[in-house]
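Here chain A shows up in two complexes: once beside chain B, once beside chain C.
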Partner chain A sequence: MAERILKRPLYIIVGLLSAAVIVLLLFWKPTVVVYGVQRAGLYAGIALPMALILGIVHIVNLAHGEFMITAAYITYFLCNSFGMSPFAALVPVVIVMFLLGMLIFKFTIKHTLKAPELNQLILTFGLAMVLTQGLNLIATSQPRKISLDFVTSSATVGETTFGTYGFIYDLAAVLILAGLLFFLRKTKFGKAAVAVGQNPRGARIIGIDVNKIYILVFSLAIALTGIMGVLFLTSQSIFPLAGGSYTMKSFCLVAMAGMGSLPGIVFASIGLGIAESFIMSFQGYGGWSNIVFFALIIIVILIKSFKGKR
Partner chain B sequence: MKSGIKTLVLVLMILLISTALFAGGQSEEGVKPIKLGGVWPLADITGEQGSKSAQLAVDEINAAGGLLGRPVELIVIDSEFKPEKGAAAIDRLATIENVDVFLGGMSSGVHLGQIPTLKKYKKVTVWTGAASGRAEEAMGPDAAWYFHLHPWDYNQGASYVEGWEAIGAKYPDLATAKWFMAYEEGAFGTASFNNWVELWGDNGIVEGESFTSAAFGGGDYSAVLEHAKEANPDIFVWAGYAADALPMMEQTKAVGFEPKTYIGSPPGWPSDFGDSPLAENVMFYGMWTPEMNKINKISKHYYDAYVKKYKATPETYFAPLGYTAVYIIAEAIKRAGTVETEALIKALEATAYESPLGETITFGPSNIIQHQGIRRQKIIQWQNDKQEIIWPFEYKTSDPVYPFPSWNKR
Partner chain C sequence: MLEINGIDCYYGKLHVLRNLSFKIGDEAVGLFGPNGAGKTTLINAIISLIKPAAGDIIFDGENITTSETHTIAKKGIALVPQERELFPEMTVYENLELGAAFIPHVKNRTAERLEFVYNFFPVLKEREKQHAGTMSGGQQRMLAIGRALMADPKLLILDEPSLGLQPSIVSELFEKLAEMKKHISVLVTEQNVRESLKSVDRGYVLENGEIALEDTAENLKSNPHVIKAYLGI
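Up next, the complex of A and B:
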């Protein structure tokens, strides 16, 4: 990968320019970088599992954010009923989400793998509706939040005080990325999964159990959204509809990074996180941050498609 | 033998039919209930507790012998917070359930969708929700059958100014000169900020900035809070939704922002907000709190009855508001001696109901409609996990705690 980057002068120029902008911002508006990077961690952590599913199973999971919120509700239930800390709940939640992913794949998604993409989209959209309405019936629409003292942790550098808990999302995103790259590049099962993602028919011919790869990769991705659901609950209120906007943002990030590109997700998240944070740092212009988010995505996709035509 | 069996069957049938007819006749003439039709968003705490409180009032009235010798029946339909469902609920209550009076309500958006349907039936309506002036405009000045309990947004704004001026005069150390409002970027927050600038602008410096509410995919308030910190206001107020409440407090602490007075202004609080140490001494607006029990015996009666019946405590002012609506209707039916619309309107116009909310509720014209009930909100403060009333002073349950204590001293 490093060789590929060094051979492309455009990558070097963009990389140097980005580094210069970040250094400049650190002196001019340090909190833009701090909050931008924290925001990027949240986006990347949620989008990475979606990219994994898209890259290997070739399904756009429109229930992605809803799975995350389902995990957050399970965590809330465990914390409230058994007095568990959210971090202690991480293990059971990840196991439950993995099993939920297996069940949903086996009984629904598996049957649409050979169907037109529109059918797959409608199916996952339907799953999102079922999860949202199910949560609404069980937990009502009332927002829930666990009050935790450590999420208010802060640091002061010079005259600037900023919250530090948001860096947990960066840590999670880095661990998820490193774990996935290790899994896909160094393990036999991961290499088989990459082969299935590149050419399922060829993989089947050489004896790889494609269905097994699909179900395990899908379940793994749902388990990873479970990790993000647990972390999300620690710092945000949850309610049944809270996942929808993260499905949309994850999908946009995946499209911007290139379908299935895991490191690309992280770079795209950092760019968008800092861009949003920069806009929000100007009083009265916060409302433009969403416009900037989607405008940047449109520009990148247009440039990519233009380059593709050439 | 055969003719004997035939005769026996015939006699039995006549007996059965006459018994059924006799019983039916009794039902039609003697025990036909007075029907109240309520619409609330039942998945939300406001609707859940508002409708339960209305049922509590109906149970009390029936236990005391009903109205005009007839039992009272409450039929509740869920609006699901959707205007089209809210409108369909009114249709069903009018046509299938054939109710005598409409009541309930929460959310201006839902009510805007219901108003054309309410106008179609012109039944007596006692409404507990909807603060938006747009709903009042949509209802118009001609709806004599419409009785609105909740203050309109301009009523609320005026009462806040009145309240803060009174507090400023009584507690001169509690500075109220410079305000910063963080408001959610939707209609609710923007209207709140515009109203505030209009009402308060001449009296002090008002700055503000919008944020994306967690209810709409936001939840990062750090930039707005940094700007508020730079502005160094006397009073910081945020207008958003329940989903913003705790994250807003946590991020305020994280950025090291310690305003002298901290106000939260969501339409409803999360049920566990008071459990957080960050809630301590946050001020907010509302019409009722359980602390009203200390000074109002109707509130105490209502609260105890609610807890006894439902094994839970009322958490929102929409709960006693639902109870109040039923009693206002019941007293008017007693005065009118009928549920006929014209007589009932006249009886409702004579309402002077001592409510659990503190106020004696009467109806009079507002900017547009003919029958407006409550016009003021109260200023309340979280103190030791209790919601103490600070203003109006006639309902005061505690003095305000100020300045807002440092985050590290909690």
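Up next, the complex of A and C:
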């Protein structure tokens, strides 16, 4: 892995350049880097499970962010009804999301696996709408938030003071990445999943139950969005439509990283998080952050396609 | 060992196999026929990659007609597909390892099977760390055969194994098959009828989805139809 990256001069140049930009920023606007990295954790944590589904089940799940928000709502109601702390809700939420993933796979996605890709896109897009409208019906469109005092914790380094709670997303993203890499490279089940991703027919004839892999990988990814949903609720206010932009951003990150590359997601997220937080540091220009986001995506995809043509 | 009773297979409306029956005992059997005759379809039906519309398939006394492909593999049928079906972004070693990992009777004997396969194809050991997708066509064919052998099958099915292999390796392959058939049953389809008749015990000729001819290898060699259509004399 490492040798392969080092062999490509473009990656070295891009890597050095980004490192230089980050160091410069650290002196000029240190909070941009801090909040950018925190944002990156959130994006990466949500995009990693999407990459897992895409790489192995080969489905673009357009309901991805909506699953995350659904988990946030489940957490919200658990906390409100039973006075649970959101972190205690983590376990039941992850289990519920795993089961929800299984049900949805069995009853919907499974039937489009052999259909043209457009059908799969329409199906998952429909799922996104069902989840959003379902949340709207049950919880109304009123934003919800739980207040936790430790969320406002801050630290001061030199002359800059910044919120530290956001680093929890980085912690989550790192744990999810490490967990997934371990699962895919070291466990028998994970190796079977990689085999299925590369050649389902080849996997069948050597004795792998491909349908079982599909359903478990999909449910695992949905359970991971559950973890991110719980964390999301702890620091942000939620409303039914909040998931949509995370679906889009995850999709773009996956495209930037190159289909199926998990570590690539982390680098792409860092670039994106810092770029966004840089724009937002200028008063009144916050609205531009989405434009920057899509401009970056277009640039990366263009560069990649030019490289591909050579 | 394997018994096929009157199966019919369709792709949509295209009737590919017609009321076809055949048998493999403890022996090596060749399956010959022109392009499009239905050889690959028959193999796919055996391992349930397509479901026959009628008839049944018995393996070791057990009806496997409706079993799933992965359970059939676990019961001891290994396939070397015409299209190889390797895992291109995995190394040679990983491909081989997976060949044994999900088969109950060999999953704890990976090292032993690996040694067997490396003995068979030394080039695979040399290329252990190379990605399967970057190997040449012939090397990939050897890897596909190696992966199937990792499963130590009771029945080994090879769909056009000589495709893309250099002649010296082809004859070596058939010598090895002849040796292997002492321990396992073999079903092989081939365009290279001359070579494969040397190593099989019996052969079937499949034409338009029906068995046109069935005989021992010796008799097929002297059969006028086979000579004219397949041995090209």
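What to note about this one:
Here is the rule we use: the second predicted complex is superposed on the first by the 309 of 310 C-alpha atoms of A that agree within 3 Å, B and C clash if a C-alpha of one lies under 4 Å from a C-alpha of the other, contacts with A are read in each partner's own complex, and residues count from 1 in each chain.
One rule holds in what follows: a residue touches a chain if its C-beta (ideal position, glycine included) is under 8 Å from a C-beta of that chain, and two chains touch if they have at least 3 such contacts.
Since the structure is predicted, the reported quantities are computational estimates derived from the model, not experimental observations.
Annotation for chain A, partner touching more residues between chain B and chain C: B. Once the two complexes are overlaid on the shared chain, A:V60 sits clear of chain B and of chain C alike.
When the two structures are aligned on the shared chain, A:L25 is found in touch with neither chain B nor chain C. Of the two partner chains, chain C is the only one that A:I208 touches; chain B does not reach it.
In the overlay built on the shared chain, the residue A:M68 is in contact with neither chain B nor chain C.
When both complexes are overlaid on chain A, the residue A:A89 reaches neither chain B nor chain C.
Those residues of chain A that touch chain C in the shared complex are 188, 191-192, 194-195, 198-199, 201-210. Of all residues in chain C, those touching chain A in their complex are 47, 49, 68-70, 73-74, 78-79, 81, 85-90, 94, 98-99, 101-103, 147, 151. Those residues of chain A lying in contact with chain B across their complex are 31, 35, 39, 136, 140-145, 147, 149, 151-154, 156, 161-165, 235-237, 239, 242, 244-246, 249, 277, 280-281, 283-284, 286-287, 289-290. Residues 43-45, 48, 81, 185, 209-212, 214-217, 219-220, 222-224, 226-227, 241-247, 250-251, 253-256, 270-272, 275-278, 407 of chain B touch chain A in their complex.
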